[in-house]
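Quick one: the structure is below, and I'll ask about it shortly.
Labels A, B, C and D are assigned to the chains in the order they are written; within every chain, residues are numbered from 1.
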Amino acid sequence: MASYFKAWRRVEFSETDMAGIVHFSNFFRYMETVEHAFYRSLGFSVILSGFQRPIGLPRVHASFDYKRPLRFEDSFLIELTVLEKKEKSLAYRIKISRCDPEERPVEECAMGRLVVVCVERQQDGGLISVPIPEEIANAIEVFQGE
Amino acid sequence: MASYFKAWRRVEFSETDMAGIVHFSNFFRYMETVEHAFYRSLGFSVILSGFQRPIGLPRVHASFDYKRPLRFEDSFLIELTVLEKKEKSLAYRIKISRCDPEERPVEECAMGRLVVVCVERQQDGGLISVPIPEEIANAIEVFQGE
Amino acid sequence: MASYFKAWRRVEFSETDMAGIVHFSNFFRYMETVEHAFYRSLGFSVILSGFQRPIGLPRVHASFDYKRPLRFEDSFLIELTVLEKKEKSLAYRIKISRCDPEERPVEECAMGRLVVVCVERQQDGGLISVPIPEEIANAIEVFQGE
Amino acid sequence: MASYFKAWRRVEFSETDMAGIVHFSNFFRYMETVEHAFYRSLGFSVILSGFQRPIGLPRVHASFDYKRPLRFEDSFLIELTVLEKKEKSLAYRIKISRCDPEERPVEECAMGRLVVVCVERQQDGGLISVPIPEEIANAIEVFQGE
C-alpha cells in the first residue's frame, strides 16, 4: 500500500521561457511525471491493459499555486501524496521544491492538486466512469499524518 | 475599460497525446494565449516596458476543471473574464469551448482560473510585488453581470 | 493540383526560451502546422480515413537552417513548397519569415526540409510503406519555377 | 579532451502524440538535452558566464533522419559525437536508440546533426559570431575512429 512517492529532475533549457524561468505550464508536465512514476513503482502503467475493456485515468482537475520560480539547470524534487481515494477517482497533492547540489529540497516552489477519474472506453469511443480496478485500488491508500 | 475577451484557435497535431486528445498541460498554454491577446487588445504587451523599472505579471495560481476532451483539428473558443482586480493582482476566469464549423461554441470543455501578480525586478534580480501601473489598471475592470 | 501553401502565425510566450527567442525545436511545430494546413486546403486531413486500411504520413527527415531568431509576438509567414513527389513519399521545403505589421515578409528566419512517407498500419501494429493514395497524389504536384 | 557523451532518458506521456509515438519535434529537445549535459560534464554551462561579454551557442542547423518510433515509457540512449570543431562553430552527430530494460541500446531510432556557432551579444542586442573561448575549445576534440 503506497500513499507517497517522489522523483527528481533537472530543468532543461527548452522548459524555460523568455522571463528566464520555467514556463508555468511545464509544472503540469512535472506533475504528470511523478504520477506516472508512482504507478510504475506499483507495477502497473498509466496505460492500463489486461482488463476486460480499455481503462484510463484522465484528469478532471489540475492546479498549482506558484511560490518561487525554477531556473535552468536547477534540480528539483517532485512529491506526490495521496489525498483521497474514492470508488472512481483519486486526488493527489503535488509539491515541487528546488534542491541543493546534494538533491535535498531547500525551498518550496509550487504546490498543486491533481484529480483523476477512472474511465472505460466504450465501443462507440465514448468514455464512462467506472470503479478503479481492485488490484490498483488495493495498492494505493490515503496518506495518514501531518 | 475591458472585462472580457475571446480568441479562437484550432488544435494542432503536436498538442495531442497518445490518448488521442489534447494533453491537459496544453490548456494552460491556451489560457496564456487569451491572456496575452487581451493585453494586446488594450494596447500593451505582457512584456511591460516604458515604466521606471522592469515590470512583469507572473502567475501565482493556475487551474482547470476538465469536462470534455478536445481533439485534433477541433476549433475552439477561449474566453477570458476579469473576476477580480486588486491593487497588485488580477484574477481571470478562462473558459474553453469546442466550436462547430461556423466557430460557434457547442460544448464546454474546461473551466479555469488564473491569478497574476504585478512584480518589479530589482537590481539584484529579485522580484517584489508592486501596484499595477495606473494606465493598465485603468484599462481593466471586473466583469459585471451573470 | 497544388504545389505551394502558406500560413501565418504569431509567436506565443510559451514558445520562447530564456535566450529571449523562439526555441529551435518549435520551428518543427511550425513546419507541421503548415503541412497539415496544406492537406486541409486540399480537402483531406493528415489523419487519413476512408481508405481500406489506416494510412499515415510519418516523417523520415526534418531539418532547419537557422538564420535569424524569432521573438515574442513577432508575426511570421510559413511557406511550404513541394520539392519532390515519389510513389510513396513527398518532400517539402519550408521557409519561415518574420513579417511586418501588414503581414508582409521582411526577413528570412529559417529554411527547412521535410520528407514524409506513406505507411499503412498492419493488423499486428507494424507499419509498411505503401503508395500514396491516388486521390491525394493527384492533388499535389512538384513546384515548377524559380 | 572529450569527443563523445551519452545520456539516458525515458519517454514521458506528454511527449507522445495521437499516433501513439514520440512527436518528431521532441527529438530536438532530446538532442539539446545531451548537448547541454555534455557541456556540464566539461565543467561549464551552456549559459556561458564569466567571460568579458555574454556568449552563447545558438543553433545554425538541426536535423534528424527518423528510422523507428519511440513509444511511451521506452527508455532510450542519446549519444553525442563531435564531428567538427572550427574556430567559431561545433558540429555534432546525435544518435537516439531504444534500450532494453538493462538500458542497453537495441535499435537505432534516429540519427541527427546539430551545428552551433559561438556568438557574443553586443550592447545594442545584436549578435556577432566570435571564436569559441579557449578554455571551451581546449576541452572538446573531434571524434577519431569508426
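Following the convention adopted for this analysis, a contact is a pair of C-beta atoms (placed from the backbone, for glycine too) under 8 Å apart; a residue touches a chain by one contact, two chains touch by 3 or more.
What you see is a predicted model; the values in this text were computed from it and never measured.
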Identity of the chain that, by mean CA position, is farthest from chain A: C
Pair in A-D, A-C or C-D that repeats B-D, with over half of contact pairs matching by residue number: A-C
Centroid distance [mean C-alpha coordinates] between chain C and chain B, Å: 28
Whole-Å separation of chain centres (CA-atom averages), chain A against chain B: 24
Interface hub residues of chain B, defined as touching at least two other chains: 13-14, 18-19, 21, 25, 29, 32, 47, 72
Chain B to chain D touching residues, read off their complex: 13-14, 16-21, 23, 25, 71-72
Of chain C, residues touching chain D in the complex: 18-19, 21, 24-26, 28-29, 32, 47, 56, 58-67, 69, 113
Residues on chain B engaged by chain C in the complex (per definition of touch): 12-14, 29, 32-33, 36, 40, 45-47, 72-73
